[in-house]
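Each of the next two complexes has chain A plus one other chain: chain B in the first, chain C in the second.
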Partner chain A sequence: MVISHEFDYRRPSSLEDAIGALAEFPGSAWILAGGTDLVAWLRDDAVAPDLVVDIKDVPGLADIALDDRTLSIGSLVTFTDLIESDLIADHAPLLAEMAETVGSTGIRNRATLVGNICSAVPSCDAGPVLLAYDAAVHLAGPAGERTVDINDWFVGLRQTARSDDEVVTRVTIDVRSHGGIYVKLMRYAGEDLAQAAVAIVVRPDHDFRVAFGAVAPTPFRSARIEDALRGKALDAALVGRVVALVADEISPITDMRASAEYRTRMTEVMLDRGLWAAVGRLSGEGLRYGERVI
Partner chain B sequence: MDLNFTVNGETWALDVAPADVLLDVLREKAAVKSPKIGCERGDCGSCTIIMDGRTVRSCLVLAVEADGHEITTVEGLSFDGLSRLQGLFLSNNSFQCGFCAPGIVLAATELLERKPNPSRHDVQEALAGNLCRCTGYEPIIEAVLAAGAGGDQ
Partner chain C sequence: MTATYPFEAESPTGDLATVGTPAVRVDGVEKISGAAQFVDDIDFGPGLLYAAIVESPHAYARIVSIDTAEAEQASGVVRIATGKDFPYKFGMYMEDRYIFAQDYVRFVGEQVAGVIARSHREAVRAAKLIKVEYDLLTPLLDPRSAVAEGADLIHPDLAAYTHVPWFFPEADTNIAHWRRIRKGDTEQAFADADLVLEDTYEVPRYAHCAIEPHVTVSRLDPAGRLTVWTASQSPHTQRHLFAQALAPLGFTHKDVRVITPYVGGGFGGKAGVSMEILGAAMATLVKGRPVKLRWTREQEFYNTYQRQGVVAELKVGVMNDGTITAVEHKLYWDAGAYVEYGANVVNAAGLSATGPYRVPNITNDSLCVYTNLPPGGPYRGFGYSEFHFGLESHMDRIAEAIGMDPVKFRKKNAIVEGDELAYGAHMNPSGLHEAIDKTAAAIGWGIEERSDNPNTVIGKGIALFWKAPAMPPNASSASFLKFNEDGSVNIAVSGMELGQGYLTVMAQIASEVLSVPVDKIRVETPDTDRNPYEWQTVASHVTWSSGLAVEKAALEARSKIFDVIHQVYGFEDDSLYLEDEAVRCKTDPSFSKPLRDFVIDGIQTDDGTWRGGPIVASGKFMPEFTNANSDPATGQGGHPNVHYTVGATGVVLEIDKATGRIWVRKAALAVDAGRAINPDLVKGQITGGLVQGLATVLFEDMRFDEGGRMMNPTFTDYKIPTAFDIPDEIIPIIVEVPQPDGPFGARGVGEHTMIAAAPVIANAVYHALGVRITSMPITQEKVAMSYLATTMSEGNQEE
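On to the complex of A and B.
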C-alpha cells in the first residue's frame, strides 16, 4: 500500500520558518517529527495534508535539560532518549517506565514524547504520565510563545489545545520529590497499545495525582479519587473506597482490544496495586522503577 | 525532490516524491531487497533498517526524511562474509522461511552494540516488535544469547 495522497514536504531549519510554513497552509499542514503516527495515518488516508512540515532540522528541540527545578523535554526527544537519559531517571522516572512500554525498539527510536500527546489518541501513553506530573506544554506561533497547562491540553478525541499554526517546542515538569508508577494493561508484553492505563504520582505530603488512559476519549485526572486520598496514609479501607469510585469515573468502550467490563475491572486492580507501589517507591522501598505490578 | 543518502556505504542521489515511503524506495530504487514488506504499519518489524546507528521501521519513514542520512541493511553487514551473529543464527538453525530474518538480524545487532552481554529478558524485549511466524522464537533467542556470551568481536 503506497501513500495515494499527494502533498508538499518542507524541512525548515528554523522555528520561524516552520511556523511560517504552517501559516501558509492554514489547517492543511501537518507537523512531522518521528512520523510513527503520521506516516501510518497517511497510508490509511486518515489525514490528507497539503503540506508536511518536518521539524527534525529545527535546532534546540532535541534536548533534555534541567534548569534549576524545571525539567525540559524538547519536542524531538524520542522514547529511546527518555529511557537512556540520566536526568529522566533521576527526576522523572515515570517517563522512562512509561517509555519502555511504548511499541518496540524500532518505534521508540523514532516516536517522540511530544508527538504522542499531539496525536492525542485515547491510549497515548505519555498523556496520563504528564498529567500526573502536572506538566506544561510550550508552544510557539505567529503571535509568540505561550504555555498550556497539561490539564487543558486534551480537549477531545484526538484534539488538543494546539492551534494549526503553532509548533510545540517542549514540555516542562517541576522537579519535586515523589513516588509514582505507570501501570499499563496490554494483550502481550511489547508492541501493543494500552487497553487501560493508570499513572500515579504521590508527594511526601501525600498529595496524589491519579490519571487514567485508554478508558475515556482523552487521558484525564480524577479529582474525586485525588481528593479522597489527599494527605492520608494508605490503608486497605481507604484503597477500597477509592477503587470503588473507578467504575463511576471512567467511561471505557468495548472494541477489538478489550471489553468495557474487562477494562473497568482491570483498572480497579491496577489502581489498587499502583497506589501501594507508588507509596512504596516514595519511601524508597518496594518495586524498582520498571518492575511491573501486572 | 532530491534524496541524497548513503546505503551500506554507497552514496545515492535519487529523485523521489514526498509521498514515497523509504521502504519502497530502498527496494525499488536503491537495490536492496532485504527489508521486507510486511504489515506496512509498524507492527511486524520485517522492514527494519538501521538509520544513523538505530533501527527504524522503514515502512513508517518518508523517503525524503532519509536525505543526508546513513542507512545500513543486512546487505551492508555481510561485505566481509557473515557477521559473527549471522553465523550463530546459521549454526542454531534459527530461521525457517527467513522472511523475518533481516529485521531480526538488525534488531539483534543494535542490541548487541548497546549491550554486549544481554540477558534473556533483554533479548526478548529487543525482539518483541519483530514477528516470526515460523520458529517460535527459541532458536533465535538462543543464537543472540550465544553471540553475547561469546564476548567482544
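On to the complex of A and C.
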C-alpha cells in the first residue's frame, strides 16, 4: 500500500491545538482518529488533504462515562471498546450489538464510533443506533463548544453538521430503561457494509424510535412508523400496518451490492422481526443482545 | 486391472510404513515459526528499485500516443518502459500477448507503460504523470455477441498466431479455439429419446483471491544473467517463457534463472506467466539493479488470470428407464482479451463436458471466444467447475422429469472402468459408485428433515464430479536425491509447495522406498539452476507425476545402495531390503548395515580399500501413453488425458425463506484418491476445495460495468468466506481405488474438491424451495427474490 501524495501530519496534545491546526488549513485538513476510512481514501486519492490532524494524543477523548442517566462516549472510543465496556453492556447494549457487526476485529480495534458518524456514509452502522437513542453530538471549535441533536447531524450524503474547524469530542445518550435491536442485512456472515439496517429502541411506555440505514442518502428516523406504534401493544395487525409503510418511507438504490427491491423487501422483514425482538428484550424475554433475527 | 506399482511394500508384514499415514508437514516448523520466506520477505538491500505500471482505463482502444516527458523528470525516476522497448510476443499455448501493449489495448487494466523508480511512492507518483491518448473502440463484453456475424475482430491476425497443435482457431472470427467432439449420432438419439431436456446455464468470471498478491523481483547482473524471484506455481515454465520472449535481447535458457520461494496460495492464478514478464523485461533496462513489482489487491483482481465465464447450452436425452442416450453441450467461453493460457481451459472442458457418465452419443462444442475483458486463465477446476454447474443441475432435473431418484439416476449412468470416453479412449479404474453411496449416506439422503424455525426450510442436494489433468501430452517431472553423512536425505524437485502439502508427500514417497523417516528428509522450494525440471504445479498432477519421479529416484538410490552391499558382501540384490534405515538380507537375518555407515564414505573391504561413495540418484517421469493428435472435426483418435479422478458431493442446507440466507449445515465430499499418501492432507484438500467452491456459488460475484471495468476489485464487494461462512460440519470421505500407474496407486485430488460445490447448492436450494436457479452465483438475494416471485405467481394463480 502506498500513499503517493504529500501532506503535513500533526499530533497535537490538546484540544485547543487540534482546533488551531484545523483553522490553519480551512477546508483542507482532515482529522485522523482510527483512520480506517481516511487512510483508505488517501490511498485511493479520494481525498487529498494538506494537513492530517491526529487527535489520538488529545486527553479525555477516549473515555466512556456515566453521569446519572447520561452516558458519554468520547470520540476516540473504538467499536472494540464498546463491545468490551461493562457500562455499555449494562446501559446501552444496542451499541455493543451494533459494534459487533462492524468490519472485522482488526477494523473494530481501530475504528471509532464518532469517526463512523463523521464519515457519514449511508450504511454507517452507528447512525441508525444513535438516532434510535436520541443521541447528542458534542463539538468544540474556535467559537467554543456546542451540541447538535443527532436528528440534525446527517445533512446529506456524507455530509454532517460539523464545520471544518470543529472537533467532535463525544456523543451522549439517555440510558433510561429500554429494549432495542440493531438488525443489519449483510451479504454473508463475515464483515460487510450494511445493505440495509434497522435500529429500534422501545421505552416502557411503548414509545418507539425506529431508524433506518443504507436505504436513503443518510440514516434517518421514520416519524410515521414511530407515530403508528406509539403507546400501543404490538400485535400482528399493527406490525403489518407499519411494515406496509416501509416502502414509502425508504428510498434505497440499486447498486452492485443489492437491488432496491431486495433492500425494500428485507427492510420490511427486518422491521417485522426487529419489532417483536425489541419488545421482547424490553420485557427481558426473547433473544439476548447479539442474537440475530436474520 | 491389477495394480502394478514400480515399488511394493517389502517389509516382512507387507504394510506400508509411511505412505498412508498422516505424516507431519515437512514445512510446518518453518511456516509456524516465521522462518519461511516469501518473495516480499527477501531483502535485496538499498539498491532495490520499484516499478509501477500505467494501465489502460479503456476496454478497447487504439493507442494514439504516449507522453512520458513529465514523468521522466519526476523525482526518483530511473527509467520508463513502453511497448516500444519490448515489441515481443509471448504466451503459454498460443502467442497472442505482448509484454506491454503495442498499438491496441484490449482490456481495462492492460499495461501500457512502466516506471522504475528509487521508491515505490515515486514510481506510483510518476506513473500518474504519463499521458496516454487513446482512440476509443466499442468493446465486446459478451462471448455470444463476440461470435455474432460481423463482430469486430479483437485479434485480426489470429490466423498467424503460433499455437500448440491441438488448438483450432477460426480465422477472421473471435474464436481462438473450437474444440469439437462428435461421437455416435446425437440427432438420432434425441429423436429416439423418451425425454429431451434443454436449457442454458450461466457462470460468471471468478478471481483466485490468494492471500499473497503476485510479486516479482528481477535482476540482470552485469555479466548478463537474469535472475527472477517470483511467487509462482511454474518456475521452469516461467524460465522457458522468459527466455523465449526475451530471446531477441540475446537471452538463452542458461542465462535465465527463476527462484521461487514459498507461495501464499496459487489456485491456478500463479501458473504460467502473467505480470512476471513485466518485471523480467523492465530489469533488462537497469542492468545491475534489482526491480520489484508487486501487484495491489485491485490489480490482483483485474490484471491476473481470471476464471473464465461461460454460457452453456445443454441438451440431454434420456430413456424412461433412466439411461442417458445423448448429450449436446455447447460452451461459449468468455476467454478475455488474451487466451494464451485460457484456451486450454476451453479445450479441457470440451473433451470432458459429459461429466462422469456413460454417454453413447455426444456433441460437444467448446468455443474459446475473445472478449474485451481481462485475460482468462487457469483456476482450480480448469473449466470443469464451470460446466459441472449446468450439467449436474440438469441431471437432477432430468431425474425429476422421469420420476427417478437423483442418486439412483446417477448411479445408473455413472461411468465405470473400461467405458468409452467422449474421444474414444477408455475410463481408468474408479470408485465413483462407492463415492456416491458414501456421500448419500453421510447426508442422510432420502431422509426428510424439517426445521423447528418457521422462517426456514431444509434441503439436501447431491452432485458428482470428475476431472482429468489438463496438460500437454508430454508434460514431465524430474527429481534429484542425495544422501548425507548421517543417512538423511535431500530431495530436489521443482513442484511448488502451495499449501497443499506437496513437499511432505514427496518426502513420504521417498521415505517409503528408502526406510528413512520423513523428518530426516529435506525437500525445498526450487531454483531452476539447481533443481531438475518440472512442467508446472497445476492440473492436480504433481502427487502423481512428480511423485513418480521421486519414487524412481529413490528406487535408483536403493539400487545403488544394494550394489555397494553386493560388491562388499556378495549378497544378491534381490535378497536385500531396507528397513529402519539399514540394509537387511532375507537370506541372512543377522545382517544389518545402517545407511549412515556408508552412504557417503562407502564401505571398507578386507584389504583396506573402499567401495561405494556418495549415493546420489535422479528420476524422471513423462506419460508415454498420451497423445493430443485427434481429428479436429470429431475429436476422435487421441488419448489427451492421463486419467480421471472422480467423486461426489452432498449438502444439507437451511434457508431463510424471507431473506434467502443459506446455512450449509452439513457437507460431505467423497473423492477417489487412488491412494491417500497422506490422509490428513487429502482431508485438507477436501475442506479447502469445498469451501472455495461454496464461495463461488454463495458469495463471489464479479461485476463489470458497461465499459468493461471491474466494479468490485476489493474484498469490500468481492466476498470470500470468513470463519462465520463455512459449513457447520464437513465430512471428508476418502475412497481408494488405486490408479495402476500412480505412485503407490495415488492420483490427484487438489482441484476436484471444488468442482461440484456449485451444482450441489443449486440442487439443494431446489429441494428446499422448489426454485431452480440456472445462473451463478446463488446469492441470498437471488434466492429470496426468486422464491418471492414463485410465491407471488402461485398466489396470483390461486386468485
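Note that the second predicted complex is superposed on the first by the 293 of 294 C-alpha atoms of A that agree within 3 Å, B and C clash if a C-alpha of one lies under 4 Å from a C-alpha of the other, contacts with A are read in each partner's own complex, and residues count from 1 in each chain.
Just so it is clear, a contact is a pair of C-beta atoms (placed from the backbone, for glycine too) under 8 Å apart; a residue touches a chain by one contact, two chains touch by 3 or more.
Source: prediction; values computed, not measured.
Trainee: After lining up the shared chain so the two structures overlap, which partner does A:Thr36 touch, if you call chain B first and chain C second: first, second, both or neither?
Mentor: first
Trainee: For A:Asp125, is the partner it touches chain B (first), chain C (second), both, or none of the two (neither)?
Mentor: neither
Trainee: Does chain B (first) or chain C (second) touch A:Asp165, or do both, or does neither?
Mentor: Touch status of A:Asp165: no partner.
Trainee: Touch test for A:Asp81: chain B only (first), chain C only (second), both, or neither?
Mentor: In the superposition, A:Asp81 touches no partner, neither chain B nor chain C.
Trainee: Tell me which of chain B and chain C touches more residues of chain A.
Mentor: B
Trainee: Once the shared chain is lined up, is A:His5 touching chain B (first), chain C (second), both, or neither of them?
Mentor: In the superposition, A:His5 contacts both chain B and chain C.
Trainee: Of the two partner chains, chain B (first) and chain C (second), which one does A:Arg187 touch, if any: first, second, both, or neither?
Mentor: The answer is second: A:Arg187 touches chain C but not chain B.
Trainee: Determine, under the contact definition given at the top, whether A:Ala258 touches first (chain B), second (chain C), both, or neither.
Mentor: second
Trainee: Now for A:Asn109: first (chain B), second (chain C), both, or neither, which partner does it touch?
Mentor: A:Asn109 sits against chain B, while chain C stays out of touch.
Trainee: Contacts for A:Met266 in the overlay, against chain B (first) and chain C (second): which applies, first, second, both or neither?
Mentor: After superposing on A, A:Met266 lies in contact with chain C but is clear of chain B.
Trainee: Do chain B and chain C land on any of the same chain A residues, and which?
Mentor: Residues common to the chain A contacts of chain C and of chain B are 1-5, 104, 189-191, listed in rising order.
Trainee: Spell out the residues on chain A that touch chain C in their complex, using ranges where they run on.
Mentor: Those in contact with chain C are residues 1-5, 104, 185, 187-193, 256-259, 261-262, 265-266, 269, 294.
Trainee: Residue numbers of chain B touching chain A in their complex, please.
Mentor: Per the stated touch rule, the residues are 1, 17-21, 24, 40-43, 45, 48, 54-57, 59-62, 64-65, 67, 107, 110-111, 124-126, 128-130.
Trainee: In their complex, what parts of chain C are in touch with chain A?
Mentor: Going through chain C, the ones touching chain A are 120-121, 124-125, 128, 296, 656, 658-659, 661, 698-699, 701, 703, 711-712, 716-717, 719, 721-725, 779-781, 784-785, 788.
Trainee: Hey, which residues of chain A end up touching chain B in the complex?
Mentor: 1-9, 11, 32, 35-36, 39-40, 42-43, 52, 54, 56, 80, 100, 103-107, 109-110, 189-191
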